[in-house]
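Below you'll find a set of structures to go through.
The following pair of complexes shares a single chain, chain A, combined with chain B in the former and chain C in the latter.
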Partner chain A sequence: MGHAQAGAVSRSSLGKKRKPLVQHIRDNAGILFVLPAVITFLVFGLYTVIYSVVLSFFRWNGFGKFSILPFACDPPACQFAGLDNFAYFLYKEPTMSGFFWQALQHNLIMAVVVTTGTVLIALPIAIALNRAGRGQTTYRLLIMLPMVTAGIAVYYVWSFIYEPDGLLNSVLKTLGLGFMQAKQGWLGQVDTALPALMVVMIWGAVPSATILYLAGLQTIDKDLYEASIIDGATPWQQLWQITWPLLLPVTVVIIITSINGVLQGYEMVYLMTYGGPAGHTEVVGLQIFKYGFGDQRQLGMASATSWALFVLVFAVAVVNLRLFRSRTEA
Partner chain B sequence: MNVPRRVLGQLSLTLLIPLLVAACGAPAATAPQATTAPQANATAAPVAATIAAGPELTMWTWKVFHVPGLEAVAKNFEAKEGIKVKITAFNPDEVYRTKITTSAQSGDLPDILSYWSGGQWELAATDQLMEMTTDVDPAWKANFLSGTYEKSSTMTQSTYDTCQKDPKCTYKNIKVGQSFSVPYLAGQAFFVYANKDILTKAGLDPNKAPTTAEEWMDMMKTVKAKTGTPGFVTGEQNPDVLHYWLFNPMLMTSCGVEKYDAIYNGNLTFTDPCALNVFKWINEVQTNDLWMPNILQTNIDPADVAFSQGKAAFDLGGTYTLGFLVAQGMKTENLLSFAVPPLKGSAYSKLEVSAFALIDAMVTKNSKHQKEALSFIKFLNTPEQMALFAKTVGDFPAVKVPLDANKIGPVLLGLMSAFSDKSPFDTSKAQILDEPGKVLKLGLQQFITKETTPDELVKKIDAANKAAWDAKGGPLK
Partner chain C sequence: MIKTKGAISKALSYIVLTLYALLSLYPFLWMISSALKSNKEVLSSTSLIPQEIRFDIILNTWNQLNFFKYFVNSVIIAALVVVGIILIYSMAGFGFARTKFIGSKVLFMAFLGLLFVPGVTVLVPLVQLLKALGLIGRDATLPQTYFGLIMPIINGAGPFSIFLFRNYFASLPSELHDAARVDGATNWGVFFRIFLPLATPIIATVGILNIIGTWSAYIWPSIVLNNPDWYTLPLKLKDLDLQIVIQWNVRMAASLITITPVIIAFLVLQRYYIRGLTAGAVRG
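Showing the complex of A and B:
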């Protein structure tokens, strides 16, 4: 910028009247409105995320000093571990990595089965509710009950149902299906524990999925169905050619939230089986909890495992979004 | 952008209110640290009251049922010294650990902490605890049961050596002989309780304890055959239970202390017949279908509850189990107790059981009243107060108390009399490493799920043990 121009700018600035403070605040009111949320995010969101990333490269038992602002890591309670935490649970320590891969396998099985089961059950229920004339509100209320019941109470009730002398075995015996009983309890047998947990998960996930589908169904133009009837479409064809494609965005949301929930959640497993019997319902979230809050408090290991899980959840979400976006766009 | 004054006013309030709250909150949060008030979490009224009457100490524990016992001692201490002690319990274990971790970070630990014996080193290493090495004088030391204070409250050469070799050890700065805590609760697992009513129904002598593991197995089989009641229950959902409460005592008697140490320390293998036979015996409990149904989903307390309800003939537990069973309504005269019996042909014909320290008390570095806190712990450790604690809570003190039913109650008296001064575990230098320990624990559970056999399991444990010791520079000599 030449001197002449600079002089012009300077003169023009001098010529302008200074804005009063109130006017400044008025002009920037939007920023002020979002500031509390931004500060909250920076302190409780971003800071903790960065803290967790850094912690995953250290061994720290929670005592002694470890901080990132300013950086401090006082040995011997805190030690730099580099990539060791990741290496240990991924491959380096056979026992630890064996537990991790087994838990991840359970997570993936749960993600596929629970998500599929939720969609397959919620969609027909939503369609039925959408067509129900009288009593629709009552049905909706009933379907919402699992959503509003406290999780811990539900898990304990299900645990009682699954016990060796619990409701499920009693019903089977009464129906003359005693051979199907799980003598060690449905949560106590290797072959039934994981499926039993998944049933509870689906039971808990169906109501919210149903509500989402119901909302989606009510946005579909009824003219489409009327036109298809004139064209001779069967109800099955209506479902596949109209309902399902138009509900695809809702299905994407259900699938992504379900997979995220199943991959990250552990509280149900913690309360109902604690990963047993003999590790057959162990999930990664529960392992992270045990590393972080168990008797050894390996907080660095817990962070490292959390980030491995995050990468997995993120990748699955991206793949899902891409896959379904291409279909919905098509 | 034109924003109405009303909105501006609301915005200002939105921003101001949190600031006002923070500003008003700050002095309240920091005041106790700035004054002579003992703890940040003490309320204003008690603080004002205690300034006149002397300091109020705070003590934390995770054992809710210990609170009445500790309070009874605290009441006597207040009468004697004029110092109040406020006992607070946080449970379960995970919550207590998290509470301590976060409080250590914010400098809000209480004056006195209860902590798992042997676990205090990580707190001491990070300068959270007051050193007590010179405070615990010979007279104080003489009160402790053999195998408690000197083994887990003092840094031993063996623990020190193992820590120095282990790159993950977090208390390398603690020196041999240093002490930061004293035990107040002791006890031991390895005790089996039998329901005499069930034994009688099965036609067995209800007063005759088995002398060998084989006899015990036969008794369980008889009970199952004659009454249909399962033989055995214990908290198997917790993987430590089968390992520490059943496998280890059987391994000790079967192999003897030298071999026991050599096997765990990587100098011998678990394929040794003395170890393999123990695995085989535990596996046979499953092959004979003697476990209570749903055993792998049964934790320690539910196992004891099931036993008290007559759902199994034998319950494996420890000294601490008896009080719980009585609290569940079991009559002591309906109970037969015995130490885990050895296999036939074992190195020892009987398992000598001595007490181990279970819970230690310690003074925190951030306490403003370290002298008074130490004084309370010393008072707690006197035989009279420990007897009061034991009688109140029905748990086993770490101090020699008078063997008098009036002072400690009839329940504990029987158990205390069963203890001996010497146990092979007192002299054992075995180091059970994490990785092989996990393989062993899981393997014992996999006997029940029929996923492994004793022969397969010993190979897996040996491989894990070798790898773990190799990572530490070779077996422990």
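Showing the complex of A and C:
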């Protein structure tokens, strides 16, 4: 990474021992370029993070006063809670901890199923795209559409498709598979709601994974395949002995991105089921949102739970970094 | 022998791609088709092709629900966010890549550290902050509310944008910089006259990534915007939930109106979007 050194010329000409103040200021003038970003970061980033850390040690319903600069916490609306918030949602308060562990379980199921599904679908499509020749650009475009249109509009269509009298049930009926219908709608039944959401998640995640795999495939030397053909390798062997190992770094990135997205994301669940039916699609992010903005606000609990989420996200990032290091060193 | 094999594998590829493209596009096709049907037909037919094409539903949705107003609101917010991000973080990227100052490395790491904090963690603190600054609530004006809405979005885009700009500026030959400085240009002159104009591709990448993200954002705007006149398209779309009898054709028409601008933006800036996506892989 080339650092072009502003002021390097003047520094050497002035000698190394003592520099006048003016020179100091001039040497560091580059900081002015990052100043707007730093101010934004301090106010909307660092301050809010510190606020959240402090708040996680308090019990506060949002009324009355709580602030960190200057510090204020007026009872009875606000009370110091120590580690109570953490203890409550982790084990001490059965309704809360039940709520939390159930949501976390859904997050983990999603992480495994959505990630696996995404990789298993995206890889063959990327391989097909790579072989498609002229049609590549068009197909790539068509396949990418779901990712640029994420959000409520697309969730509405899916909700519509999943309705009791929606497209999916109608199609099943037409195919003579009426017994497979979800009578109360795919998002309305406890046994189908989570899988139905995961289908939408995979549908939304496949495009970016495909693009990444395609970029990876394009860097693989074609000679490797030709050499392996001479050695009599079958396409299946080529896939397992050349393509898959060489694409492993890409797969790792896809896995990490996917897990990260599943852990942090809750907008889709918020808009499609709001955690229902009966908590069967509850996820940790949505729970934090409900503590913060739902009917019975417990803002300290929202903060405490969100730091549990942070630990998970951070752990995934550390694993990622480890893998990345061992990859580059190997 | 090898040639036929190649042809077979190519044909197979096209079959796989066509099947998946259909799956990928079907919800959109269904959305379009439903927006052109009567509400009765929407619920009774699984055919993509309407018996009678009804453009009046889209037109009525656009006119009666005042979608133009919300479309303009969405455009304003997306534009403010994107301009803010490009201005603030192109400068920062240049600062980190091309100038030297005390604490530069620590600051850069601090920015990247922000990537690990889940958005939902700072949601409550942000609302409290906006309250304390008078940027949210009944007394806040439109400019105040929009400012409060966009700044956290801009800040959220900070780490990745700085990363993209810094890498790009660092990759440009340092002779550019040196030559200009010999001619007596200040760092500011170098940035605005030489580096920023050269950064058009990365500006397009950062732009399209954030247009797409901001356009469909729901939760944060729904918290900040409490005056229905100031709503963005997704918020107005969600308001359709309040209909007593759900008219799915109207919902689909409204959904179609909401996603069309972002699809057009994507088609125009596709190349830059893909570049951002593959660069994002490094971010992990």
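Assume the second predicted complex is superposed on the first by the 285 of 330 C-alpha atoms of A that agree within 3 Å, B and C clash if a C-alpha of one lies under 4 Å from a C-alpha of the other, contacts with A are read in each partner's own complex, and residues count from 1 in each chain.
Operating definition for what follows: contacts are C-beta pairs under 8 Å (C-beta built on N, C-alpha and C of every residue); 3 or more make two chains touch, one makes a residue touch a chain.
Keep in mind it's a predicted model, so treat the numbers as computed, not measured.
Undergrad: Using the touch definition from the top, say if A:I25 reaches chain B (first), chain C (second), both or neither.
TA: Once the two structures are laid over each other on A, A:I25 reaches chain B alone.
Undergrad: For A:L248, is the partner it touches chain B (first), chain C (second), both, or none of the two (neither)?
TA: neither
Undergrad: Pick one for A:V313: touches chain B only (first), chain C only (second), both, or neither.
TA: In the superposed model, A:V313 contacts chain C only, not chain B.
Undergrad: In the overlaid three-chain picture, which partner chain does A:E93 touch, first (chain B) or second (chain C), both, or neither?
TA: It touches chain B, and chain C stays clear.
Undergrad: Per the contact definition in the header, classify A:I288: touching chain B only (first), chain C only (second), both, or neither.
TA: Second partner only, chain C.
Undergrad: Look at A:A233 in the shared chain and tell me whether it touches chain B only, chain C only, both, or neither; answer first, second, both or neither.
TA: A:A233 sits against neither chain B nor chain C.
Undergrad: Does the superposition put A:T273 against chain B (first), chain C (second), both, or neither?
TA: Only chain B; A:T273 stays clear of chain C.
Undergrad: Examine A:F33 and indicate which partner it touches, taking first as chain B and second as chain C; both and neither are also allowed.
TA: Both chain B and chain C are touched by A:F33.
Undergrad: Name the chain, either chain B or chain C, that contacts more residues of chain A.
TA: C
Undergrad: A:S170 in the overlay: touching chain B, chain C, both, or neither? Say first, second, both or neither.
TA: In the superposition, A:S170 contacts chain C only.
Undergrad: Taking the two structures together, which residues of chain A meet both chain B and chain C?
TA: In the superposed arrangement, which is not itself an observed complex, chain A uses residues 27, 29-30, 32-33, 36, 163, 289, 293 for both chain B and chain C.
Undergrad: Once bound in the complex, which stretches of chain A touch chain B?
TA: 22, 25-27, 29-30, 32-33, 35-36, 59, 61-65, 74, 76-77, 79, 93-96, 99, 163-164, 183-185, 187-190, 273-274, 276-280, 289, 293-297
Undergrad: What does chain B use to touch chain A in their complex?
TA: That would be residues 1-3, 7-8, 11, 14-15, 18, 93-94, 97-98, 101, 104-105, 116, 119, 122-123, 125-128, 167-173, 237, 293-297, 299, 434-435, 438-439, 442, 445-446, 448-449, 451, 464, 467 of chain B.
Undergrad: Which of the residues in chain C come into contact with chain A in the complex?
TA: 9-10, 12-14, 16-17, 20-21, 23-25, 27-28, 30-31, 34, 43, 46, 87-89, 91-92, 94-104, 107, 110-111, 114-126, 128-129, 132, 151-152, 154-155, 158, 162, 170, 174, 177-178, 181, 187, 191, 212, 215-219, 223, 234, 237-238, 248, 251-252, 254-256, 258-259, 262-263, 266-267, 270, 273-274, 277-278, 281, 284
Undergrad: Would you tell me which residues of chain A are touching chain C in their complex?
TA: Touching chain C from chain A are residues 1-9, 27-34, 36-38, 40-41, 43-49, 51-52, 55, 66-67, 121, 124-125, 127-129, 131-133, 135, 139, 141-146, 148-154, 156-158, 160-161, 163, 165, 167, 170-171, 174, 203, 206-208, 211-212, 215, 235, 250, 253, 256-257, 263-264, 266-267, 270-271, 285, 288-289, 292-293, 299, 302-303, 306-307, 309-310, 313-314, 317, 320-321, 324.
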